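Note that chain A is present in both complexes that follow, paired respectively with chain B and with chain C.
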Partner chain A sequence: METTTASKKDQLLGQLRTRPSALSETFPELALAAREALTELDFPTTRQENWKYSRTTKLSSEEWTIQPSEANISLNEWRIPGLDAIELVWVNGFFRADLSSTEIPAGLSIGKPAPHTIRHKEEVTMDFFSALHEVHCTDALAIRAEKSKKIEKPVHVLFIQHGALPLSQPHLFLETAELAELEVIVSFVSVDGEKALCNAVIEGNAGKSSKLTCTLIEREGEQNALICRSLYSIERDAVFHIHTHTISGNWVRNDLHIRLNGTGINAFLNGIYLPRESQHIDNHTLVDHRHPHCESNELYKGVLNDRGRAVFNGKVYVQIDAQKTNAYQNNANIMLSDDASVYTKPELEIYADDVKCSHGSTTGQLDEQAIFYLRARGLGEDNARRLLTTAFILEVLDRLESEPVKEYVVELLKKEDLLLD
Partner chain B sequence: MAYEGDEILDHITSKEYEFGFTTDIETDKAPPGLNEDIIRLISNKKEEPEWLLNWRLEALRIWQGMTEPEWAHVSYKKPDFQAISYYAAPKQKKEYKSLDDVDPELRRTMERLGISLEEQKRLTGVAVDFVMDSVSVATSFKEKLAELGIIFCSMSEAIKEHPELVKKYLGSVVPRTDNFYAALNSAVFTDGSFCYIPKGVRCPMELSTYFRINEKGTGQFERTLVIADESSYVSYLEGCTAPQRDENQLHAAVVELVALKDAEIKYSTVQNWYPGDKEGQGGVFNFVTKRGLCDGDRSRISWTQVETGSAITWKYPSCILKGDYSQGEFYSVAVTNNMQQADTGTKMIHIGKHTKSTIISKGISAGKSQNSYRGLVQINRSADHARNFSQCDSLLMTDRCGAHTFPYIEVNNKTARVEHEATTSKIGEDQIFYCLQRGLDEEKAISMIVNGYAKEVLNKLPMEFAVEAQKLLAISLEGSVG
Partner chain C sequence: MLSIHNLHAQIEQNEILRGLNLEVKPGEVHAIMGPNGSGKSTLASVLAGREEYAITAGEVTFQGKDLLEMAPEIRAREGIFLAFQYPVEIPGVSNINFLKAAVNEVRTHRGLPALTAKEFLQLVNEKSALVELDGRLANRSVNEGFSGGEKKRNEIFQMAMLEPTLAILDETDSGLDIDALRIVANGVNAMRSPQRSFVVITHYQRLLDYIVPDFVHVLYKGRIVKSGTKELALELEEKGYDWIKEEAATA
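Up next, the complex of A and B:
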């Protein structure tokens, strides 16, 4: 067993060897550290605590290659109706300026990352996929809102997978300088039904008193795998929102690490996941409270159908000096099928005493009495169930500030027959 | 007595461990180290049958192939398993019929522990199987129990007199391959308690065993087996105090409970082993495997524990809910002070239909201690309409302690309803203020608040234990608010 996975890793690395990383020139030290870590690391197994419920055999058994693409892809299908956004289009992990918006408003800069860009060093060598990403990153882009600038237009980043067996490893840097405001929407999509693996990293840094909102819309193809690693550090008095919507995709892993680097921060984490058929969706979140007077609020909800599997691991870490922390976490799951599975682990690690921390986790099915009530009022059984799941999911979607984005996600879910029309 | 501020702190934190005294009784002790010869020696000394010796040797082989687990949220210097002596028994091996025959030294120890046998016999109706180090030296109420067909004796006696029961159930709930310490215990266990309640019998009194670590460096490897046959009921108490000493002592017990159809077992523990001094020197390592099997339909197992002692606690009393409509319960109060570390919780494995489990865990951290709840709720595909409710609360007393929650929830059946909630908060300053205003001193105020906080669990303890537990909570937390 050991030898076969080891050779899978070597095979993959062998194929990628000749490709330079988009990050290694700017961050040579990290590239070196990651390369070194890769000699030790391998595809994770379920014996590792972080991967206890997520098998990576689906990922290790394919021959992925990096495939730059010149294809002309129509974007209409992926645009968010009613949203006037700055579009940044990537295909197979490469930024395509030709497909992207050219008009960039004042106060917003989009370009290659600079050596002084804030990196989350310790995260790079911790995990096989992040080390792999660092060493063989396909392309990187830095988006920055300048000091005191409120960027009215949201930025819509489109990561498109295309062709057979591409490995995309895009890297996005998001930054709001002091008092700036920025909203970024990141869509993961694929244009044809072929298998693809996207191993993306988003690194964000919200400056003092700034506001950063990031909305992930994951619509990968039925056979696709997605690993999305989001690493954020938030400075004092900033407001940070992150929404993670996993709508489709065969195998999805979201890692979300948020470091609260100052006092008076508000962080909101919302997520929905709706695994069905044989989908596997894994959400790992970590909120690291390092300073006093911060608040974090997390709400993740899942609806499971068919043989869908969901993993939720939410960790709240309150360091020794982070007094007066308010941390709240809630994870709720509804199971609609006998073959579905939920693995949830809401963790608290608290080293300060003057804190209010709570978490809750529930798993159950729809309330039969509520269904009866609705049926007695003339709804068919199917619609009654859907109405209840709709209400369940909308609690999370209602937290989206942008109306067009919310409507768009609702439409997508309706199309997937998950929400009531 | 009026103390103020720092004075209280000084007074209390300098308090020496109350039950720290050693008894001088000559003991028969094996040389330190662990190998086949030691196992043979133990087995031989205890005049055990061949099958048990082989069972132990197999366990030793399993243990040698295992490595010490490291996943728990604790840090400590690993014990040197070759430096431990695996057998110590009081030399006088007489059988006692009346209390007058008991060594006066031993009786004095018991009295200082507050469990004078006469008193217990006369007043409380508690049968005490007193374990001094590893061999039982006094058993009371045995005859009374025998009338009902209840077997309550030491493990070594059970091996001699009821080999068929022991052979059938030993290792059936905690197999030798289960974990590192269970394997170690299976290889070297010296004694423990055995209890069998026959069909339809309701045990009329609380059965109780007082454990005591006594001989220096001997470690203690108890093995407890409780079997409740169909429609029977038993309530079992286990309580511990240990003498003060500097070197770390390893305690790796195994407790197995089996509840057959319609049977009910209540297992209560008050644990107050020496926690080490303020700097974390010394103290007992408590690495225990406790598991109950609800084998038959409608069977019920309930674990109640009050954990105040030990330098390191690593303990997960679990229930396997196999029978339909069976129920598992776990009520726990874990207090850590100074440098203590506790990683404790439970596992509820739902297999049968309509199985139900309840978890109430109350953690209290003070000093520089670390207190973790780690639990697993697993609903298997076959467990239709399973129900679980978990609540894990943590109370923090100082700004240098930690409280952690690691709940694992695995649901594979849609008809299951699983709820988990956890909160962490500080002891309420306004509550303390309120009490102070009404003339209570700080110590009493804290004791009152903590006892109120832990009430849900303390209420589940049998009467005599509840009183002792309340005292323990108060002693463990005195002067701990910073």
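Up next, the complex of A and C:
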């Protein structure tokens, strides 16, 4: 049937048509592929397996626009106390050199991505949002630690959403060359914003025997939506840590794909999500073991309150050559309200025959026997519940190597009244 | 101190306590014995404030106040301590942090200032020595990975830290070997004072060799059917409970 009104997708694409992409000149083939894919792709529906429990109607019903901003924004509230970091500040998806650190230590380079940068081609056309990002990427920056350099200062990337209805599509490339070490913290925040959609992509490549750590701190505004794609390729003997903390935001989707491209790799994936009120938080993770003697260890925990909803989908592939793999996955959820819901699904596909793999998934209430025990010793009921929730969450936060970052996340959770003082 | 009058309690429509009376004065140690299923643990649970039990009749006053009106944490702060028959394991919550929170809640309630970190640690050292509890256990998660004996010693350690006016020991002796039993009993005896009372619930007379009671009561079918002194416990040990049951049937 013919309709006279354009679809939501056509409206959005029509409105963005004249916007160039920060990626298309450097990666023309991918831009072409994404553009082609966009003719077919549309806002995902719950009929698609990857989106079964995450409706995108909230995203498709708004009139987003790309909005470069000159706003002068105070960063004090968003800095991590006690952390001396190189700050890279973005507003509405555009890098703002005027708000960012100017002193860059030796061994670290920050600039436009080079054409030979490793890209995750399959994911470019994975769905509507990834193609949309490629075709209308607002800005891109590559952060690279040079060979054998340990970068002592962490890099703190601040993605700020500002004003009404901005569509931010920032793109980060993280790279550690052979034997290098780099820690990157990425904060997603909202300043004087009403509604925003941030559709970010972080691509990373950890070179041989390097160490790369990425910590996501998602503090989006109450009405904001965030899609964060993290796509990593890890080389031989590298150590990779990624921590995902979803603290606020109305609708959040994290996709994390990790490819283990060599032997002897250690990859650690940790995450917490705390949906409350009517928040929706979706984590899709994929660890792809392609070579022998690698270990992946994944721990995601959720505390759900009010009408909060969460999705956890954890895929682990162990390819036929990936003998002697150790792959562990654990997802645990605590429901504090009868109206909250969680959809959790581990998916292990193992094609090698000499491996150690395990997964666990638990969902339940706080232990009433433990609450009574604590109350019988004089703790008030609220404190008893919070003490148990705190212990539950700290098991994940204790895996953060950076003490200031850990304290910062703990403070944020206390402020939200989710942790005990 | 504790006055229980005509107490009736039920769980899921089963009446367990059926008109229980008990009077405990300051400084007294009362032992409550009885066959399995007589209501011993129900009594402990009801006194501590477990919400699964419905009180259908009777009253309980503690130092002149209506105990049944109080939330479990208020009872604890007012000075009641229950040593659990099955102490709960709480992963991730450190024994020490939890105790510090508990001690300070209790102190605040009593109008005392919170302990400083130094004072608190001193108290921990002193009281853990009382039950020969390894200092390392104090830093572990509450009861997690503790042996049965360690769990019971941890209960008595907590009791010593909280300094209650009335302590209820619910089958604290079950699952203990003689050495552990002696340690637990020594901890309890060290805390006996003219102001502090104990209700010791036990299935076996053995514990009462170490914690010598002033009174022994036999609980049967939810009621105290016989009271006496420590000799009654010895008689029960020798003759079992059948004669009590017969007496109760003919009464």
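Just so it is clear, the second predicted complex is superposed on the first by the 414 of 421 C-alpha atoms of A that agree within 3 Å, B and C clash if a C-alpha of one lies under 4 Å from a C-alpha of the other, contacts with A are read in each partner's own complex, and residues count from 1 in each chain.
The rule is simple: a contact is a pair of C-beta atoms (placed from the backbone, for glycine too) under 8 Å apart; a residue touches a chain by one contact, two chains touch by 3 or more.
Just so we're clear, the structure is a prediction, and the values are computed from it rather than from any experiment.
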So, on chain A, is it clash or fit between chain B and chain C?
fit
First (chain B), second (chain C), both or neither touched by A:Ala97
neither
Larger residue footprint on chain A, choosing between chain B and chain C, goes to B
First, second, both or neither for A:Leu32, with chain B first and chain C second:
neither
Where does A:Gly380 make contact in the superposed view: on chain B (first), on chain C (second), on both, or on neither?
second
Three-chain overlay: angle at chain A's Cα centre between chain B and chain C, nearest 10 degrees, stands at 70
With both complexes superposed on chain A, which partner does A:Thr362 reach: first (chain B), second (chain C), both or neither?
first
Check whether A:Glu395 is in contact with chain B, with chain C, with both or with neither, and answer first, second, both or neither.
second
Touching A:Leu165 in the superposition: chain B (first), chain C (second), both, neither?
neither
Looking at A:Ala71, would you say it contacts chain B, chain C, both, or neither? Reply first, second, both or neither.
neither
Smallest inter-chain Cα gap (chain B/chain C, superposed on A) in whole Å equals 15
For chain A, which residues lie in the overlap of the chain B contacts and the chain C contacts?
none
Applying the document's contact rule, which stretches of chain A touch chain C when the two form their complex?
367, 369-370, 372-381, 383-384, 387-388, 391-392, 394-395
Inside the complex, what are the residues of chain A that reach chain B?
49, 320, 323, 333, 335-338, 340-365
Chain C to chain A touching residues, read off their complex
48-51, 71-73, 75-77, 82, 84, 87-88, 90-93, 98-99, 101-103, 105-106, 109, 141-142, 158, 162
Going by the contact rule set out above, which residues of chain B touch chain A in the complex?
71, 381, 394, 396-426
